[in-house]
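Each of the next two complexes has chain A plus one other chain: chain B in the first, chain C in the second.
Moving on to the complex of A and B:
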């Protein structure tokens, strides 16, 4: 019997010594990622020590950085603004997250979905929405205020072109970070921890204070740090709201150093502290979230405890409605109204409804078509390239197929610490020179977007890879499939959904980018986000709103299509349970 | 004839050596169990055989041909082996049929032959009615059988199993043990089976290889391992035992710390210094009076714990010299805690251990 079987043994056909591609791939990727990440940083540091007028190494830029009161003021205002945004976002988001996650508030799921969807709103579009609503002269709120009380044209109720207006407008679009982290943390606090407090005699307020809040405190702090970081490195909203108010934050100041006469060395020196602050904030966030003892273990501990609001229901609803109106409902209504009426101040009735802005944007305005084409082309290229790189890097890192592959992971994550504007400066210095001459082409933008989006793509792909048990691949190898064949037959189909998700994520992130773009774009390489910014300078809010709606519609459409088309792996995998 | 040979096989990860010069030869058609506690290097040994990890030193030969050495490693897909993984590793995007057929398709067999072979193995593993299900729709035991079928269908030269039953619940595990043995008797593949469960090893194996700290402690038939352990580790790991340490009396006797002299029917004492004796729990005779039949290997002690377990009573007795002996007695031998008892260690059940 034994010998019979062995005679029949089926050898693997075409058994060849396959070439191991891991090393060349590893080397190539290390090179690509180093160029993407390290090169701009290198030139940034290099130029910060170069004089703008003559050759030679100098500390003049750093001296100017400390001595120049406008630069210091810009840093001071930026940090103050960012801290204020963090505090405000935390104050708005934490009670709201608690209401949504832990009480019997009606419509909890819808509220959560709305807040999550508001992530999609580009912050600069939000700032423009608030210009429409709360500019001192033309703002809808102020027009209504004047007409209700019959006041002079110089009177106004709210003014968004102020420091507090800027803080408010940015907080409206950064509070979802805090909200999502805190709400998720509250979901994970198992009810038995709170039950344990109750059984020992803790009243519900005591339990909330002593158990629940301390457990979500790390999430709160981490979310607040992200909000601070976002505010600090943001270019669009400050450029739209702070410049008319007559002050600079650091991002707009760096941008102004690029205006004629350009002071590149000073810009580089001014950008470096921003990079360092970002790294510090990210480290702080990581150490807060990484404290093991604080991490709440999910799983078997049952559903979270729900507090009954009772008579507090109505104030709670009013609070949530108020927050949602300010952050989502009013801005979107303002954008929609402006896109379909003649001017911002027009009342809404049949006679004022018009498609003139749409006609202007789509057919008359010469820059639109090029910008739309550039934007979607870059979105497509970036998403594809980033997903591909992230896929291979995470394979090498997670499967540890090459010693030292962990370094690739570090490189792929590093850009998360590089603010868009800093990267913009670095890339300008790297590629806008006689050797590369990439400035003025879309390639420099592609490089920028790839660098910016790499961490997000890598994070998604590597968590997807960790979800595929290595034994699934080994099972393929041992029955006779080569490494590549296993990747193709087994790993690829299992990752398809995640790949599509990562692609969409990167695409949506790319088409709304402004901070790095603003330094790298020229007349030939305009993008929709830049056009929106340009149009804002000329005050054409109707056209901006049309473009904003197009951007949002494209984002939602991409996500929708990716989830529905079975070839892309949308719902197909899920039905198989 | 040795079919699979491991020769001085060594594997280290950095400064940590996990497999330390393992020598083993397995005859064709035999089922060998690598048994040991977690971290003993058994799974790494299996993965070395499969070709997932390259060796640092030593060789692996199959039928005289070297497939792993310090210089070269034939990739797993070139070894004509199969493996059953701890997680089963069923591909969730393929049906039962597709999972099993995958290996055959790689070998470019005609479709009709693929279908025929898959159907044959599916009926041997009682899976035929489930062939169109996805793995997510199967119970744990069914998934386990699919994994077996997928491994067997390609008629491997060597079958490797990595703790295949550790994810099943107790009843199913026992059933699958016999199923694996039955399939082995039917197909007679040379099989290497890794487990940490001695009962699993006893039921399935032709040869048990006990591993500890990257080395082979002892290799032999289940009877050898159980009845004639050569080291304290093996005696302790396989079945409950008492290890009584002492000094060498002569080649066949050991003097315990309390002066108890144990004559040993088998094994040999260490040439000098400390040595030990292993006596299984159920081999010790316990009585309230001094046994008349025996005059050697007898000592008196005090009951420190007694537990009624339905079929028998479990005793802890502390004896002179401070050692505690665990033993079992029939239910009708009920001696309360604190009372004096006599223990008899039959010489033929005492095994002297040199190390």
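Moving on to the complex of A and C:
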């Protein structure tokens, strides 16, 4: 928001009396980002040394961390789950990315678009869709399985309420991370290296094995690490699928520590290892991606070589269709079906079709309107604030206009290492006290969302900035415009597409957030994600599906409009995470 | 400031710490035109409730049709979650709620000790309510009651195979077939877990935990899982949700086991810091009116302490059921043990 003020203040001051705003902006941003990032972490550490019974400073919370078997088990299961998700996502995504990027598979563009759509789906909604599809008795898949084979009521094909079911449901909505990174890397692998291999007599499989795969290996590993990280810090899906199966992962365990009587010290201590694991994984990812340079060694030397699938075309189509069915088509159909029929187990026919869930959500359920309003208000505010801050920070960092500006970049990226639930605990401890009284207002949520989304916004803006040559700005500066004036008049218009894309990305990210939100909302600051979660705890699947459809439709609409408004550049949305 | 912030955020972990505020119950009040006008001027009442969301919204609708111009904001969550929420809000100086209602009687003893409640007695409560279903000091009264029942799908389980007693549930034939709510979320299940652990001992739950039970959160959910056909048998769950589903034509039957059925009493109260005090007072009186109580019974399937409420003929009257009562004063110190044991035997 600081940037808004700066930007609005600009036209007032004359061009002649041009003060360089770089330093004050730098100082202000450093302060704001430090408060956003460091304050919650400070309180987290502070509380982890406080006794929950009011006995002052203590190590008891850390002792409990290694001595309490329920915490250890939750950590063990969470790590196992995350690793399994990473491996599964990699196994699904890599061949698919290769098929889409490097073969003559029909409908490649559509496939990429559909995978992007599964990014927009909130994972908790995906988990609920899988409850509808694959619950052992009422799951649609199992009902069909039984009726096709004429089996008894106790037989089932799949059970989503298991550890493997949970891994599967999370992998379905995290594989796009691996897919996008690998597909992009494959786009960039120079075909001359592959040509060299075939000239030397390598068959196509040999080339694939010895040249192409090694070249995209870093992207695969990096994507897998992101999937692992996502799974490890996820709250919604485990809460929906693991609790019925009778086990906790670490995020649900931390959340359960907030139940009355709350054990905040233990919650803080239990959150810290999650933070440390995240930092380690991110460092690993950075060092892997850091070596990725050689994949684009030759630049874009010619178009990537397309492999002809020949007779393998049909199995390839079947594979891709299968993956898309599991990750997009089936879950969306299940949600639609549940929104329009009485209960999940009902067959679809004229007598079971009903609008009762729609009536309930739209007219009877009093939380709907408030939650929709809050959700979209926060989405707009967060997206605007984050994009503005990211724009200025990446300008300062990329153009190195102020010494030490690199530090700002570090601050803006740091929240990526803070899992949502950890940030939720930290923010609750920082701001939910009589001094700040931010708990119960939408401001605490705005702070949370800004912190969570800042790294993504910053990453996008800084990569966009590095594509704009500074000579255009230098021209502006030579004519006598201040730095911010140049930024606003020259650089920003050039970056319009990226700004709109970053804005949409942050917007979508905000409205699907649940893990920090769940600890920070109150009655007057309900969000759609939270009421969906509340409704899930009382088993109202029909109402959830209606809300999910509204949420998805609205997010697609906002993204669509933002990309079509001519003032904003009228660009098309590019495929990005 | 530090100490204040800390102690507030830690939300009075010492349940027994604060002094009790004893007072005579105030004189009963009636709904007067002045009260109605004052409530209308406020225009809104915020109701924190643990009753099933469809029932609570129906009640709000009735209120709005009786007193147009006053909006009702229904905030529904599980009893323990409502309790957690109000605790977090009050510890940070947020006063959103006007009227509060949960199905865990312990909460109201706690609120009363904290001095969070505004004592008031609607005329209807003073005239009609049994003495042990209201606070002698007028802080709260039993707005609803329901049993936590065993129930099964008649199309998935033959009547002869259905359990008759709590002990029956340990039979291997019910393995993988049961669904159960969580005491950390639901006040009803907290109450029933307490009375059953007293009656049958914790080793009963240890054995039950080995039956591969589907664990859900709210006590409104097991009946819904039955309706979905996800499980054939519920270990616990709200009787009123089962009634509602039976009314909708779902093939479900209730079992009142020989050892007895746990009763959960849902108290309601007005908060002292209510942002809309007059609307709160009006809404509170409305909650105990015959119309509201009859709606709770007809549409909601809840039990009422109002002697004039007529129950539907197909429901077994409370007088014919062996009821297990819980003592909130004994339950309160047991809460941490119940949660710890539960996690040990059921995993979460």
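Here, the second predicted complex is superposed on the first by the 528 of 577 C-alpha atoms of A that agree within 3 Å, B and C clash if a C-alpha of one lies under 4 Å from a C-alpha of the other, contacts with A are read in each partner's own complex, and residues count from 1 in each chain.
Just so it is clear, a residue touches a chain if its C-beta (ideal position, glycine included) is under 8 Å from a C-beta of that chain, and two chains touch if they have at least 3 such contacts.
The model shown is predicted, which means the values in this text are computed figures rather than measured ones.
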item: Touched partner set for A:67, first chain B, second chain C, both or neither; value: neither
item: Touched partner set for A:248, first chain B, second chain C, both or neither; value: second
item: First (chain B), second (chain C), both or neither touched by A:410; value: neither
item: Which superposed partner A:153 touches (first chain B, second chain C, both, neither); value: second
item: Partner chain(s) touched by A:28 [first = chain B, second = chain C, both, neither]; value: neither
item: Most chain A residues touched (candidates chain B, chain C); value: C
item: Contacts of A:478 with chain B and chain C, given as first, second, both or neither; value: first
item: Which of chain B and chain C A:117 touches, first, second, both or neither; value: neither
item: Residue ranges of chain A touching chain C (in the complex, touch as defined); value: 50, 52-54, 70, 135-138, 153-154, 161, 242-248, 252, 256, 258-262, 264, 343-345, 360, 364-367, 370, 428-429, 432-435, 437, 439-440, 522-524, 534-535, 537-541
item: Contact set on chain B toward chain A in their complex; value: 28-29, 50, 52, 75-83, 85-87, 89-93, 102-104, 106-109, 134, 136-137, 150-151, 154-157, 160, 187-189
item: Interface residues, chain C side, partner chain A - complex; value: 1, 4-11, 13-15, 46, 48, 52-54, 57-58, 60-61, 71-78, 80-81, 83-85, 87-89, 91-94, 96-97, 156, 176-177, 182, 184-185, 213-218, 220-221, 224-225, 227-232, 335-336, 339, 343, 346-348
item: Chain A - residues contacting chain B, complex; value: 1-2, 5-6, 8-13, 15, 18, 469, 471-472, 474-483, 485, 489-490, 493-494, 573, 576-577
